[in-house]
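Here's the structure we're looking at; comments come further down.
Chains here go by letter, A, B and C, matching the order in which they are written, and residues are numbered from 1 within each.
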Amino acid sequence: MGNCWQSLGPQNNTYIRLSLPAVCFVWQIAMIILFGVFIRYDKESDAHWAEHKKAENLTDIDNEFYFRYPSFQDVHVMIFVGFGFLMTFLKRYSYGGVGFNFLIASFGLQWALLMQGWFHSLDLTTGKIYIGIESLINADFCCAGSLIAFGALLGKVSPVQLMVVTLFGVTLFAVEEYIILDLLHCRDAGGSMVIHCFGGYYGLAISWVLYRPNLHQSKRLQGSNYHSDLFAVIGTLFLWMFWPSFNSAITDHGDGQHRAVINTYIALASSVLTVYATSSMFQKRGKLDMVHIQNSSLAGAVAMGTAAEFMITPYGSLIVGFFMGIISTFGYVFVTPFLERSLKLQDTCGIHNLHAVPGMLGGFIGAIVAATATEEVYSKEG
Amino acid sequence: MGNCWQSLGPQNNTYIRLSLPAVCFVWQIAMIILFGVFIRYDKESDAHWAEHKKAENLTDIDNEFYFRYPSFQDVHVMIFVGFGFLMTFLKRYSYGGVGFNFLIASFGLQWALLMQGWFHSLDLTTGKIYIGIESLINADFCCAGSLIAFGALLGKVSPVQLMVVTLFGVTLFAVEEYIILDLLHCRDAGGSMVIHCFGGYYGLAISWVLYRPNLHQSKRLQGSNYHSDLFAVIGTLFLWMFWPSFNSAITDHGDGQHRAVINTYIALASSVLTVYATSSMFQKRGKLDMVHIQNSSLAGAVAMGTAAEFMITPYGSLIVGFFMGIISTFGYVFVTPFLERSLKLQDTCGIHNLHAVPGMLGGFIGAIVAATATEEVYSKEG
Amino acid sequence: MGNCWQSLGPQNNTYIRLSLPAVCFVWQIAMIILFGVFIRYDKESDAHWAEHKKAENLTDIDNEFYFRYPSFQDVHVMIFVGFGFLMTFLKRYSYGGVGFNFLIASFGLQWALLMQGWFHSLDLTTGKIYIGIESLINADFCCAGSLIAFGALLGKVSPVQLMVVTLFGVTLFAVEEYIILDLLHCRDAGGSMVIHCFGGYYGLAISWVLYRPNLHQSKRLQGSNYHSDLFAVIGTLFLWMFWPSFNSAITDHGDGQHRAVINTYIALASSVLTVYATSSMFQKRGKLDMVHIQNSSLAGAVAMGTAAEFMITPYGSLIVGFFMGIISTFGYVFVTPFLERSLKLQDTCGIHNLHAVPGMLGGFIGAIVAATATEEVYSKEG
């Protein structure tokens, strides 16, 4: 029962007994102080909203809450059940995968509310950050970057190391997000570049630094079994089903959210078919590889992160899903083994194939769709 | 790890290695071409919605998206996690159950968008099908018919055969739906007849054709174990909890959706009690049979599919649930063994008791409620 | 396969075979009669809503349904998957935990619609109870009280005894809720006092009455194993993720719901860090105890039940979560063993630490926040 936890790190146990409580307590107290200084309710979650509503002649349902809350809850499920259970596939680390995902996401979202607040929504006159439902969604998004990185490190790092990875991950995320969205004025509602490409390469960089030569020995411990694979499928399916909410959660009201959902739903369906096809082609005796199904079937949605809200057309979405399913499965078959052999880069969950490459391609797809959009198509912006 | 996949079909492995990729790639490319020719965004998901909104003096929240999206996500969970995990109860086919459910639903929803579009919403002036959130819900519904049929075939067919079953299932679904809803002008929002009765008898017909004499031998392989049963309960519960969304997803705005949720919620609660009662009556030593709990507790909602949106009254819903729990459990105890012995009809998941019979009775209940409705009750239609 | 069910009770099997069906059938028939006499659709779920809408110049989206439905579905998941799977952690009772949770919640919510109706919403002129979406949420809440009590009794009572516990639990709930909300005019939207404190002490009182001296013998049977613990984590996570919906489901439209979500989300994140810290401090060799993670990480939300809708401020929520994580984990380490040794009080799931104490403290926190609120903060009520 216990060794599943300890097996996540090669460290001295007394050290963990002191360091993990110390880090958690000190950082949580720091969060309380910083929240006390900076964080307040925004206009729509403050008790003064009634006045505002009256002044602007709004009805109850015009609160931002009702536009975003269903999507928020779906994204929340993706972060904790989706990412968490996707990481249970290693039979020795099942509990560690979902358990440390829980810990670092809980810390990460608090730190994200502060970091994203300072960079994006600090009110310079009052010196406060005003948070609402959209801030909570963005904080979950920001955590996703560090959870993706965790996927490359699964089974190799201690909980304290993971907390440090999350601290820096969230900080870097806020900076790169600021550069891409605020300075370069890109749109990236589902975070192909901002979340997936960043999280993927951040995790790979750390994994490269932490390379341990006794790779083959640890590999023996990393096998999956029948039930750990079924638990991982729970994670896969909740990510797959709720990804339309992920890509539409912070897009424009009305047609923006509506279109992002349709495009993501279609791209995901298309991915699944090409993953099953590619996987059975490359496996001995036509058997399907569970790792491909668990991961690559999500690649279509990662690559739609930027373009989902655009007028990419339904068949455009199908085409994106089609190629992403193939590219991602190829990655698991050829690229991950190559990275391990040649670059000494261990990537436990294969985040290079699920997040890094599809995220980067998603950025290109978004750029192409945006560049080819005519004024006639987006008449409302014309 | 691998034999769970291959065990789904008695086929030659080299054949699978060629045929599954071929079917997936060719059919997916056909989908892309057909989507390119026919499918476009509808008015509310198109970038021109801003003009439409202005012209009709609407606010952001008046987009159909906000009326349907929470229900859509629940239905989506039912299709992939609900049906998928319900089919994990066979310990040898757990992964195949959820994995092939994933594949055929992903193909089925694309084909459904086309088939339902051609029959129901083809714009004859432009020759295009315009899709929005309601189309996605209907596509999920349409898949449900084929997934129900899969329940009778579990453990007996190959993935390629399942793809063919889905292709024909979706096609037939669109035709019978057109006849029932458009030609006969029935209302069947939760699909008692259109989805459950159709899916049940479609699956049973195929199972009858595919009868294999070595029944008893395969039965030995079909047992469940403790953990596969717990995974199946995940499927049961997500179906049970979200069925109010299923029956209300495409009903009228306002009181229609509201009433369908209340009626389904009540009928389901009533079913559970009579299933536990009937099951413990018929089992040796009062033990409960997990198969009954996993399936029959859902029968109340299947039978409310047609009537849920009507003024059936809360106690009427309780009565429907009461009898459906009993009838469905009786089916598992007496009818399924009879069908196997006498008609050579193998029904792995017992879809006859969960979908076919409750669906048919649901159609009758709907007809009775509609026939007895007075103008006073439905004053808005008066 | 079967012994998991029968092991829940030490009773004679023939007795169960007669008594469980008898109780289920008789009580369900009683429900049908009482629903027939008392329960009707409310204004917003009745077919006459169209007239009402016209008269008051409302639009479709102004139906209460659209304000509450997403939260309702989340609460529903908490009751059946959250509480149900949280109780699967005992490897011998996994199926019994989730299976009897299903049975008693299905009965409890019907009885709750009646009891809460009689106490809170009986229309004295017509003698009817009018139900809508908010009634369904309240019925789920009312069940939660009895499900919490089940947590203390897990593995020690028969299904018929559980039905009786639920019958009295729901009845007492409606009475104490009437006293606290209607006579004392407290506000307790998330039910710190009304649900958690009540459910906790109700369960402990019954467990004390049912004390069996062969404690140590049964303890041997109560162990968890790796997979039963992973199933329990599914329960934990769905409770944790959807608790913002629980605490906001019946608060005021607009800023009330919005603020309750933010406060609960923040308090939960804070709890998680202090639970991990406290747990690893007290365990030998720094290993984390799964029981703490599964339960105590929820304590922050229990304690926010009363205060979540108030202007407690974001850092106030963090502070509540911080201390509740510590107090609850301390409870598992010190108080539960003490209660068993000294007071002969067996508490299988530790509901004293998760519900009773945090619920009571939540009541105090709510009172303090309400007492210190200035008129300026709540200007809308000024």
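As a working rule, contacts are C-beta pairs under 8 Å (C-beta built on N, C-alpha and C of every residue); 3 or more make two chains touch, one makes a residue touch a chain.
What you see is a predicted model, and the numbers here were worked out from it, not measured in a lab.
Asker: So that we know how the chains sit together, what is the shape of their touch graph: line, ring, star, complete or other?
Answerer: Contact pattern: complete, every chain touching every other.
Asker: At the subunit A/subunit C interface, shared numbers over all numbers used: above half (same) or below half (different)?
Answerer: Both copies, subunit A as well as subunit C, present different residues to each other, with under half of the numbers appearing on both sides.
Asker: Let me have the rounded angstrom distance from the C-alpha centre of subunit A over to the C-alpha centre of subunit C, please.
Answerer: 31
Asker: Can you list every residue of subunit A that touches 2 or more other chains, as numbers and ranges?
Answerer: Only 61, 66, 70, 227, 234 qualify.
Asker: Any idea which subunit A residues touch subunit C in the complex?
Answerer: 1-2, 4-6, 13-18, 20-25, 27-29, 31-33, 35-36, 39-41, 44-51, 53, 59-61, 63-66, 69-70, 72-73, 76-77, 80-81, 84-85, 88, 94-95, 98-99, 102-103, 106-107, 109-110, 131-133, 136, 159, 227, 231, 234
Asker: Can you list the residues on subunit B that touch subunit C in the complex?
Answerer: 61-62, 66-67, 70-71, 74, 224-227, 229-230, 233-234, 237-238, 240-242, 244-245, 253-255, 257-259, 261-262, 265-266, 268-270, 272-274, 276-278, 280-281, 283, 285-288, 290, 293, 297, 311, 313-315, 318-319, 322, 377-381
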